[in-house]
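I'd like to ask some things about the structure below.
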Amino acid sequence: MKRVAYYKGCSLEGLATEYDRSTRLVCEAFGIELVEIHDWNCCGSSPAHSYDPLLSSALAGRNLAIAADQGCDVVMTPCPGCLKSLKGAQETCEDPSKRKAFVDLVGRDVDGMKTISLLQLLYEEVGPEAIKKAVKRPLSGHVLIPYYGCLLTRPADRAKFDDPENPISLDRLIEATGATAPDFPFKTECCGATYGVTRNEFVGRLSGRILDMASQLGGEAIVVACPLCQQNLDMRQDQINKFAKRDFHLPVPYISQVIGLSLGISPKKLGLDKLCVSPDVLLEDRAGDEKRVQEQAG
Amino acid sequence: MTDEGPRSIAPADGTAADTQGIKIVGFLCNWCSYGGADTAGVCRFKQPTDLRVVRIPCTGRMDPLFIAKSLIYGVDGVLVSGCHPRDCHYAVGNFYARRRMEAFKAFLPFMGIDTRRFKYTWVSASEGQQWQKVVTEFSEQIHELGPNPGVRRQTGENSKVSTGLR
Amino acid sequence: MLETDRNQLHKLVEEALPELDMVIGWGQSTDSFQTTPVFVRDAKQISQLTLGPFCSQNLTGYLVKPPALDAAPKEGAKPIGICVKGCDSRSLVALIQEKFLTRERVRIFGIPCRGTVDWNKVGKLVDLSNVKSATVEEDVLVVDDSQTTHRIKLEEVLARKCYGCRYPNPLIQDVTIGEPATPRSTSIESSYRDVDRLDAKPLEERLDFWQSELDRCIRCYACRNACPLCVCQDKCIIESREPRWLTQRVGIPEKFLFHFIHAMHLAGRCTGCGECERACPMDIPVTLIKEKLNKIMEERLGYSAGLDVEAVPPLLTFNPGDTEI
Amino acid sequence: MERNNILSVQQSRDSDFIREVEEASGQNVSKCYQCGNCMASCVYTFAYDYPVTQIMRLIQLGQRDTVLSSRSIWLCANCQACTTRCPNNIDVAQVMEALRIMTRQADTVSQPDIQAFYDEFLRSVKTFGRVFETGLLPVYNMRVKKPFTDFDLAPRLLKKGKITFFPALVKNRKKIAEIFEVTKRECFSKAGKARPEPLSSKTDT
Amino acid sequence: MRIGVFVCSCGTNIAGTVDTKRVASEALSFADVVYATNYMYTCSEPGQQEIQKAITEHGLQGVVVAACSPRMHEPTFRRAVEKAGLNRYMFEMANIREHVSWIGTDKEANTRKALDLVRMAVAKLRFNAPLFSSKAPVNKRLLVIGGGVAGIQAALDCAEGGMDVVMVERKQYIGGKMAKLDKTFPTIDCSSCILGPKMVDVSQNEKITLYAASQIESINGYIGNFTVDIRKKATYVNWDACTGCGACVEKCPSKKAEDYFNEGLGQARAINIPFPQAIPKKAAIDAQFCRQLNGKKCGVCAKICPVKAIDFEMKDTIVTEKVGAIIVATGYDLFDYSVYGEYGGGRYPDVISGIQYERILSASGPFGGHIRRPSDGREPKDIVFISCVGSRDASVGRPYCSGICCMYIAKQAILTKDHMPESNSYVFYMDIRSPGKNYDEFVRRAQEEYGVQYIRGRVGKIYQRGDRMVVQGADTLLGVQVEVEADLVVLATGVESSSGAGELAEKLRISYDQYGFYMESHPKLRPVETNTAGVYLAGACQGPKDIPSSVAQGSAAASKVQSLFAHDTIETNPQVALVNERNCIACGKCIQVCPFGAIQWKELRGGIKKAEVLQTVCQGCGVCNATCPPKAIQLQHATDNQILAEVNELCA
């Protein structure tokens, strides 16, 4: 069993509890032991970055240090924002000019730690092939839009995962569940990020654009791997509709939920009911239809 | 630092005399670094006056023993400069040189010779400014180290260390 | 055990001798404890051959030193037999690699080695001028100086090189005599302890150390002459006027430069056999100088001399991707 | 800031500013050749007063006041599109981040409400160790005097059980406080003057 | 040795900060110096006469001039001493201008430094020996590597001059990139109309031997005497028999071969003649796609061929040619734009490269000269051109300007308007680089007469929306983000060095830069020479170039070859390595390290081996000298003794 430190971050404790639940279930299904970081704290996110680089690194670094003390060398977080902070902490620790301040503050170095996103864990450690084999309830016939958001694979030299412009890991994972993942041109476009509260109209505009392109491509849902993207696209979909004078109705499940569904885990357990836009359309079993169509054609 | 306080070094504008009598030998390849030093001259980029240049065809010609000879016999610093890797006039001369000098540089301090007295670098014929920088920095470094006593000239002088090996 | 091995050696040499020009090995010297090289051409001489911890000489030099053999033997020439320890075999590899020898030219009697005795060290415990007999019992050296019988642990009087030995068993050979030996060292760290010890001292102390050590050098060139890889012999630039690197002046700079020349000419080639140091009449640790270079070669370029006949010595080649400064 | 279409290059150039930005961001801004790729890639360009390309240009010309008072730097979401596509490998997002910090030090934050949100966020972290989402919003709303922000979301979130009424507390809050304390001190010494800490209320406008 | 020292004041250039009089007077005390003086301009006519006079009057055997850099006037003074009867190598220079007077203002320190340099020069000179050139015969045949327009020009020029030329081309046809172009800027003349006749000349000229579908296997030898092994790749068609009738191509059932000539637009047959005007007009089989060669039953071509030229058993063959000079004209490749993920990374069929668009425009191209979109064959209406794709972009490792894209975009935009008057073209650019004759006027015309919309800014992203592409870019002049909907996007992919350029350089022993472009000997004064004597450069292999420059350089290289071939022998440089056989221990290390293969074994009587330097091959780098343990091999004019003499002067 692979042992991975789990840094869930504040969102997964609040507005994204379903992401936490489904992540745990999927990891369990593939034999990955998630070791929750003891007494973890908030990474500071963008506010800390814009305040002081060391603050951000130290807040995030404390969690890495605890994980290291817990005997883990891989830290996984489902939140790309947290991931950015964790990687920033590592860079600070490796930077000779900042190392001392960092170590003094955090209490130890965090050399040799690997920080990855849930997406990277699922793609590299589990892999589409293993998922394909484990699928019990294929999502064939569903068109799911892969949306990565801005931070998962960027900047490339920090993320060190997938392609910064045209990532494919989420596409491959969606396809592994049997669903179709169209080539989505706005895969990495920003959804409005933290401006949900302060500049609601930004989210209206940017997430609106994403929803628009997704529906043009015939998407039934947008699959995400970021709690912030999910909030903007799902929780604020009504606000977006009001702003853009549109009537989008696209569910926005997490990739962990989608994979969980295909594994036959119950929607309730995966927290699908927690999504604001009803994901019921995903529950339609079209695998049979597909087979029938194929048989007729054959 | 000695009792006389910090050693003054000839500043880049060359106004003060090099009273220390510091001597640095520079082995410069004819095609790149010698040209780079010429370029620095043509551009009037001021440099300390301690360097004496020996023109060699290529850093590949550099036998590390020339450096050994210089430092053992009390030359204060040795600067070797050639074409940037891949730009060698002879295609690969500086590749040979790099290995030999790198090994030699690592070896020098074992014999008790300060490795900071030897530097090798790559400067192209067009990099006059870079040459000025290299010469200035290296000269400053040698001035900081002070004159090179070389190794003792006479035998039989008392030695204060036990070897610990025998 | 020694006895068995010696008998095996005698038997193997006897079998092979008709096909060979001669066999170079060790024989007992007149002073009962040291060994001396013997050149066996006749079956009657075979009984002189011995082996064991007294056989300190690296005999491979005899293959290339005057009167030098032809690297490529003439039609019909018989190969030469030679006895080698693990360290000696690396010299053979290096000589073959540098094409001073061909593999076919030699028939190699490989002898696993458990260390050789440094008589200088024994001399500090025993008056060597009165030695009646010296024998080895398991791991104890028994020296009888007519007054007392000294029992000295072998491990305490081995040659300096033996303590960091990673290759006690010959790397190339045609036949092996005896059981393989266990290496005393398996890592860079444990092979260069003496180098590290000196490196740990401040720069000035290192300079003082070498000044006082090299001060004793009398420029007899025994170290150079003993080195199997110092192939220049009488063409050596230490003595040449064209070019003239060194004067005859007796000063420490001249001694330093001489040892720099010796070391740099062996950089990336020295196998660490220790012959230079063994030959030094002034007890200067001259091998140590080359050991440092060997360590640099190993750490920086991943190269150890005398391990692979196909390899190119690192300073005779380059890699455009080498790192620098 | 009102655009004045005439610029005296020598008199307005603040070369310390260029150096400060380069030091804080670790980027060589003179590498920028104004190709416009950052502007082309930035999804926030529509909201900026100076597009990113021009911010870079203004830095090159040493225009401290214009840059530090610009709206753009506080509207950048750090989405990395500019950094990813810069042909000269400039980490543009890092430059924007450095500028944001500089505006805090210079006390020229152009979007006080965004700063207020960030400050409340950090206050929450400092107090609890984690962000207390439910608690954060009302305080922010009070501070910026927009009491009804996101109130439309509340009923649904309540129904979904996503609103918590008690903050999750980190046990070792002392350590968190220490981190805030030390970084504040470090910044203080770096900036050479006091900086408003995240909890100051002077950003109320 | 009787040595004379001449200290130049160079007006005030040297005398301003160096006491040249003192240098001269103190030099008199140096060993062997019998004469020393100071002169205002030593390089001037009277200055040189002064030296010559002193040589005669004082019986000088060696001369030191302390003046400017030897890179400046060493040849001048060598000639001067030679005229006075000294060997030209009995001369040394001390550089007291560039290395002393110009870089320091402290006259005292400068003067002492100048004295040291003179002392070192004198010390070295005492070990100098007269050196003499030898002569080697010149084989007056030329090898041209690469059959693009530069190589063709060079080959034709030399053939015209009566020389035998061997041309080797990697592809199965000559003409290079230019053969793929539709029209050329800024005259809009038809590419194949101007290149075609030259290609025919190559094939018909008796002086020219053409090896197409061939590559350089190895090169040995030296200027005047190269031996070249050429690998003729198996084409599976006997070209001596093939008439190029094309019957085989027509009947070949394997229709999905890669159409290299059309840049992957459309498909070719496994046996193919790339284009109707191809030279040589011969068919060749693409083994990857041939059914017969992949173990399937076919052999249709063999059955149909009227001259029985098909040979499935054909193997590569090696031919050896001997030549006296080599012109390298291996051209360039175009940047692979698939690294630009933001431009679709090659996923969008309607985002194409400039050279692909060139094929689309060409009447012999995949669409017969009608502009069509690769995706659906529809005629595009809005076309966006994006410049600097793989140029001036450090993030993809191409920080240099390709120099030709601005012009070819303007040309393509103009041609687009000519083909489709109703279309709209948009060009995203950073700067317009149009420094050639009539170039800028041409770009202006595109904007003024053809209404091409130029937008100053880079493009951040291209994505598909419906069946159109959205180009999201910047207009930096306005400071706004712009969006253009396009039916077709043409990326002006930049120039990069030809694939395999590095390997060929190793074989030729010429240098190449970090991007793989070959290095000229001097960027200004020796632009077509390389540092390997007898090897010259032409065209874009040396750096991005347009057609006029490539042709000009082809002719320039040809003229260099002709001036070389005007002599029956060449003088060799005597500053080469020399073996002292008495000291050589035959360890072979010099042979091992020589970068030029200039050292070989020599057998003395009794089978004793010694190293021997081929004077004509040795370039004088001295790696052997540094390597030789007994220092038996010495680089003449930079011997150990000479360098040691200089160093010794500083080891006071």
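Observations
Order as written gives the chain letters A, B, C, D and E; numbering starts at 1 within each chain.
Assume a residue touches a chain if its C-beta (ideal position, glycine included) is under 8 Å from a C-beta of that chain, and two chains touch if they have at least 3 such contacts.
A quick note: this is a predicted structure, and the numbers were derived from the prediction, not measured.
Chains touching both subunit A and subunit B: E.
Interface comparison, C-E versus A-D: the pair with the greater number of contacting C-beta pairs is A-D.
The central chain here, found by comparing per-chain C-alpha centres with the mean of all protein C-alpha atoms, is E.
If you average the Cα atoms of subunit A and of subunit C, the two centres end up 65 Å apart. Chain centres here are Cα averages; for subunit A and subunit E they lie 51 Å apart.
Each chain gets a centre from the mean of its Cα atoms; for subunit B and subunit C, those two points are 36 Å apart. Distance between chain centres (mean CA atoms), subunit C to subunit D: 70 Å. Taken residue by residue, subunit C touches two or more other chains at 245, 315, whereas all remaining positions touch fewer. Contact of a single residue of subunit B with at least two other chains is seen at positions 63, 69, 73, 86, 92, 96, 100. Of all residues in subunit D, those touching 2 or more other chains are 46, 81, 84, listed in ascending order. If you check each pair of chains against the touch rule, the ones that pass are A-D, A-E, B-C, B-E, C-E, D-E. Subunit C makes touch with subunit B in their complex at residues 160, 194-195, 197-199, 201, 203-213, 215, 245, 250-253, 256-257, 260-261, 263-264, 267-268, 283, 285, 288-289, 292-293, 296-297, 300-301, 314-315, 318-320, 322-325. Those residues of subunit C lying in contact with subunit E across their complex are 70, 98-100, 231-233, 235-237, 240, 242-245, 265, 312, 315-317.
Put simply, subunit D touches subunit A in their complex at residues 43-44, 46-47, 75, 77-81, 83-84, 91, 93, 97, 100-101, 104, 111, 113-114, 117-119, 121-122, 124-125, 129-131, 133-134, 137, 140, 149-150, 152-153, 156-157, 160-162, 164, 168, 170-172, 175-176, 178-180, 182-184, 186-187, 198.
Only residues 63-65, 68-69, 72-73, 85-86, 92, 95-96, 98-100, 102-104, 106-107, 109-114, 120-121, 150-157, 159-161, 163-166 of subunit B touch subunit C when the two sit together in their complex. Note for the complex: subunit E touches subunit C at residues 580, 582-585, 587-589, 592-593, 607, 627, 629-632, 634, 639-641, 644.
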